[in-house]
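Two complexes come next, and they have one chain in common, chain A, joined by chain B in the first and chain C in the second.
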Partner chain A sequence: MTMSEVFIDGKRYEFEGQPQLLQFILDLGLEVPFFCYHPSMTAPANCRQCMVKVGSPVKDRETGEYELDDEGNRVIRWFPKLQTSCNTVIADGMVVQTQESDELVQRAQKDTLEFILANHPLDCPICDQAGECPLQIQTYKYGPEGSRFEVKKVHKPKHVQLGPRVTLDAERCINCTRCVRFTDEISKSHQLTIVERGDKNYPVTAPGRSFDDPYSLNTVDICPVGALTSTDFRFKARVWEMNQTPSIDITNGKGCNIDLWTRDNLVLRITPRFHPEVNDYWMPDAGREAYQLFNENRVSHPAQKLESEQVSASWNHALETLAEQLEQTDRKDVLFIGSPHASVEENFALMQLANLTGAKTPVFTPHVEEGSGDGFLLSDDQAPNAEGCRLLGLEEVSPKQMQTKVSEARLIVALNDNLFGRGVLDATHAKNAFWVVFASNHTETTQMADLLIPITTAAEHAASYVNVDSRIQRTFPAKETKYSNRRLSMEMSEGRLDRFGTSFDNWVTEDHKIDCVPFWDFATQAGERLGLNLHLIDGRQIMDQIATMNPAFEGVSYVTMDEQGGIVLAKESMAKSK
Partner chain B sequence: MTYEFTKEDLDRIESIKKEYPEVKATTLQVLWVAQDRFGHVDADVQRLVAATLELPEAHVHGVASFYTQYYKQKMGKHVLDVCTCLSCQLCGGYDILNHLEKKLGIKAGETTKDGMFSLQQVECLGACGYAPMLQVTNGEFVNHLTEEKVDHLLDKLRNGEDPEHEMMEMPLRKQKENP
Partner chain C sequence: MSQSDWRTYKPVLIPPVDNLHEIEVYRKQGGYEALKSVLTDKKRWADPKSVVDEVKAANIRGRGGAGFNAGLKWSFMPPADGGPRYLACNGDESEPGTFKDRKIFEYNPHLFIEGAVIAAYAMEITTIYVYIRGEYRPFIEMMRKAVQDAYKNGMLGKNILKSNFSVDMVVASGAGAYICGEETSMLESIEGKRGYPRVKPPFPAQKGLWGRPTTINNIETLSCVPLVIRNGADWFSSIGAKNHPGPLLYGISGHVNRPGVYELPSGVPVLELIEEVAGGMRNGKKLKAIIPGGSSTPILRADQLDGVTMDSDSLRTAGSMLGTSGMVVMDEDTDIVEVLWRISHFYHHESCGQCTPCRDGTGWLEKILLKIRNGDGETRDLDLLLDVTTQMEGRTICALADAAAWPVRYTITRFRDEFEARCKKSVHALV
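Coming up: the complex of A and B.
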């Protein structure tokens, strides 16, 4: 059977099945402007922006052959009106003309934009969406130079607090209904509707109801204009001043793919990044709040407890203290605690340090809150890497067992996990031991520390996490520490301000670089001091080591992870590895 | 305020549901049942409709807000929709509106203190041939208005009588019948 064919702007393409015309065109890397269409939702074709000219070849009824004109070309019967490409299904032999080859289409797209803009406030200079606004971009590319509407614009409600996290400016809305369809089709909260009619339309909740959908901020991402904005991020930064770094959501076990948006080494917002098998285009609102975790309340510079008060200590002192403690304490009395909140690489480094010093395998307690998952993008598991800890071979213990182990230990080396804050331990369990705590943020647990050593967060290092579905995915460093350098690090990207900013610019300071190191760095130095054979350079090299040592991670490397959007690890192989 | 449907309303709603393949399609009809019962479909009534039909509140709200015929707040016993669109305007629609405002002592968009009348200024009701005109509570059209005719209407309504139905001739048919 021959492939079906379609002709777009005079070029022949082959297709299978029944693709939608707009998606087909976009998949080819070509463009037709559109607003209301979204690949993960139904296509109501209400913005009318994606108009194209469509025709089908005429066939002779009897022979089934294409009718040809005098020059031997197929006779095309054009549809009587322009069609919206988003909901047009391609048929064999269809001929399509877009704005690239047809003046009528150009004219239609231009006039549609003139209508869409008739009541739009055109307040781009103060609008958060400017710079990443489909309406702005498409008006620039396909729109009219001016408007023939000289009458007063229709006024609608402004800065409406739709819910705890989303603010609406109804005047900017073009009534594409993407936000409404999102709550109907994706999050299924059905909280939004379009009210009124004609030029008074806008989306809102039922009277007295709050738009508190746990996924509400996705509507801000898909709103093709600045009508829906994030209450939290509003007016914080212009898009073009920020740098965008791919990362993984570490606030639960699902491992949504995300982007971290930074300016001056502060994470200012978090948005979802498309991954067809993990999170599609979406992420839960909770994950977006992690930016605070990266910026605020950070442990910066080591500290040691002197007479029940933590005082600042030098890095050398911290190293020496840890080494001395490890040397002095009987192996049996040393407890290494791994963390489902830390990456695979960090837990591996901890395991190595434990093994080489002759201590027992590190333990960890998962952080699960039954009932907090929703079967969508929120999991019961509150930690990003419990599965990683298991696959590495850390010993999984219940809170009870953890309490016993902690009470019996004399020296505890604990990796980034707020065991005291999340109810696993309380002060009574902690009395006997000397606590060495590696942590990124100040918590109840860091207060217990006799030696507190600051380490990097997922926003500052490249490291991997294994999600609840056993998919290993990795982060990229987005934010510099005192010891990392954007220009020298092969893993880091540079935004415009990162590259060209100087201390004379707004938003360029040294203030937000935390005095911390990746855990494996410190582990390696401790290893050197103790005369151990431990060489951990960075996440990439550590993952290569893990892949050769642990069959569960066979074939995993940063290269393969980057190429394949993460790798699903087979759970069974864990049992076989020791 | 909490509202409740009577047994009779609920039976009516059940029989409406039988006429449609899915519940969503019954929203319009059930809003009418509610407006017949309570005189309006304010936020609380919309909620009742949503709960009764097990539909999202937002959906019911969207439908109710789309149609001006649904009253989204408590209205007077009689709602007078005075057309001031083009034809009526040219034939004195505003005079009628002003007369009513003066007579009732309220502005368009308001309700009299005794709760008897609400006055609204509306766009074309499709009766340009009999301008100026008004509509009484989503029902009877009163055509070819004059101040006297309006006064008469108010009296009638106050007395609890229905406005009389006016048979309007189609101009074209008249020509054909008497050539």
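Coming up: the complex of A and C.
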């Protein structure tokens, strides 16, 4: 039995099952322009952009053999009309001609673009989508040279506030129904529908209802034009001014794959990055709003408490103070607190420091809010790395146990976790100890600090997180600190302006660089003052260490994670690692 | 009966019987006898399939516009699997120039109900939907009353005429969208959704209402069914035109002395219809053109009408289509530009807006025509109009785009002089 075959632009390809033609073409790395089709949703075939010519070989009814013409080629019966490739199922022997090999197909694709553009406002210069707009891109590639549309365009509502986070410009809408299908098929909120008829069509919510779907911003991503825009991000930046850096959503335990979009050391927006096993093309709105965490309310420069007030302290003083405290305090009175909100590497560094100073294994309390998950991309777990803490071998304690331990300790070294803000601790538990708090953002917990040390966020360092499904995935640095340099750090992404602009084009101010260091950096230096050799250089090197020391992380490295889109760790090895 | 015998034809769809809409009167006229025969005469009708075969042999060509053999369509239904199966009866009747199904709702609703129940039996249907355009408020009420009476008389509901066969009938109405006459759009509308035509395949026989096997027929199509059962397929197929046989409701409108709906055999010569049936041209004016079967069918000039008869073959040869046999007659004073603009306005207004070529093409056509009508057009606009129709035809989900494109294409090609006379001469072409 031979494989099924299909001929596309004269080339033979093999296939199994019943693939859809457009997806098959895209999977081959070939191209046919399209708008309404989305691989994760049903195909309404309404944009009519993906038209191709399709034919099937004629078979002799009796023998079942292909009929051949005089030259011995198969006789092809072409469909009388062009077909939309997005909803055409490939059949054995099918012959397909795309715009690459057929003039009529080229013509039809150009015609459809001419129609779309007829009533499109063509306001690309002020449109957020410009630069990442499928309509713009496909018009350049397949569209007409100019327009023959000399009559009046249709006018539709502009600036419609569909919900708290999404703004619609109905004139730009090309009516592909992706947004409507998203709320029907993916988020299942059924909040959007198309109203009006014909060229007056546009999507809205039912009267009096708000588009407050917790996944609403995904419609902005999949809208193939600038009709749906993020209310927050609107008019903030042009796409080509920003750098796009792969990262992980750290606002809950699901670990959605994301991109951080930065300009001048500010994270301006967060969008989902495709991962078939984690988040597909989607992410919750909550994870996007977290971009503020990277820019605002940051702890910058160390501080020390003098008579109940935190005052600025030098880095040297901070190191000295921590070293002194560790030296002075009886080992059994020292409590290291790890954090499910911090990365594997940071928690590992904390463990190393605790171990080498002879203190007990760090403890941590998971941050779970029962019932806040939705079985989709929001988990009950509010932290990105509880599983990582477990696998590393940190001691998991309940809030009650944490309270007791904190009350009994005399020196507390706490890693980035707002234990006071999230209700694990209150002021009564904090009284006895000297608090060394490592934090990226100001919180109730940083207010308790006797020594406050600013550390980097997931946007500033490369580090790993283990999600609720035990998948370890990592971030890349997306913005500089006072002490890092984009151009020297090979990990940092380059934007268009980096490649093609002058040095004055972007990233020119120092204002948005935070005065902070990676936790492992500080830990290593503090260790040196105590005569301990932690030797923690960066995330990559730390992960290599972890992999050799902890069987749960065997085989994990930045190389393997990058190659495989993260690695699912075996839960059983937890026991072995202890 | 041959085609020339239309003058002696006796109406059977809407016969001149007083109060025929009342079920008692209808029954007295032999109504529901065909249904009774189908349900109880096991010698004549061994099984549902025998009914399908008879209807297929009669060759009732769909009266909704596409002219598909009704019995053949019924035979596409997959075997019954115990789940629900539907018949959706299309009474949306929104194509301009078409006003025939309303006569059935008004004068002979039980003929239609009987036909639908027979069809339901033949296809093992469990529920019948009757979809009537929202503007037909009085006829919707009439149909509701007729359905109630049919239930009371045991013609609908459980164990019809004491047989094992049961079927329900629901009267549903649209909200005034032409597109809901397109069969899959109608299904969406019945399901309570927006009237967007569905992508085919899957076809309704596989996945129709609520994903279940469904057949869609026009009201007039189904009304022919009891006649076929009563008198036989041969009787039916001997009426009128050979390839498009049977009684036909002609809706004649426009510049004639007696516009109206006339029941005659198919295949009546166009000119005889105008002169003899519709009482000739109003005010003794000369005939200029006709649109034979609803506004989407290509217009024919008076000089194209010699010997043309109202059936699919003859009209195709002449360069048009039978459509819904709703004929619009225009006299010599008719402003063709105005006519075409008005038709284009309709299709622009009624495009559902799913498909790009239809959504933006229908508006473009109308706007250019409006420009020409207002005296601001240029001759190059006529070529642009033809280009736009080419860009729309055959590239959409349903046939509305074609229905919008054809009138433009054929009206301009058949009356180019009149259009050019309204346009300024272009200095250069649009490229």
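Rule of thumb we're sticking to: the second predicted complex is superposed on the first by the 567 of 578 C-alpha atoms of A that agree within 3 Å, B and C clash if a C-alpha of one lies under 4 Å from a C-alpha of the other, contacts with A are read in each partner's own complex, and residues count from 1 in each chain.
By definition in this document, contacts are C-beta pairs under 8 Å (C-beta built on N, C-alpha and C of every residue); 3 or more make two chains touch, one makes a residue touch a chain.
Treat the numbers as computed from the prediction; the structure is a model and nothing was measured.
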Chain C versus chain B on the shared chain A, clash or fit after superposition: clash
Winner by number of chain A residues touched, once chain B and chain C are compared: C
Touched partner set for A:M51, first chain B, second chain C, both or neither: second
Partner chain in contact with A:R148 - chain B first, chain C second, else both or neither: second
Which superposed partner A:Q191 touches (first chain B, second chain C, both, neither): first
Partner chain(s) touched by A:M94 [first = chain B, second = chain C, both, neither]: neither
Contacts of A:A206 with chain B and chain C, given as first, second, both or neither: first
First (chain B), second (chain C), both or neither touched by A:M283: neither
Residue range of chain C overlapping chain B upon superposition on chain A, of 24-32, 60-68, 150-158 or 276-284: 276-284
Intersection of chain A interface sets (partners chain B, chain C): 193-194, 196-197
Touching residues on chain C, where the partner in the complex is chain A: 177, 179, 194, 196, 199, 348-364, 367-368, 370-371, 384, 387, 391, 394-397, 430-431
Chain A - residues contacting chain C, complex: 43-49, 51, 80-82, 87, 108, 111-112, 114-116, 118-119, 148-152, 154, 174-175, 177, 193-194, 196-201
Chain A-facing residues of chain B, complex: 43, 46-47, 50, 56-62, 65-66
Interface residues, chain A side, partner chain B - complex: 183, 190-197, 204-209
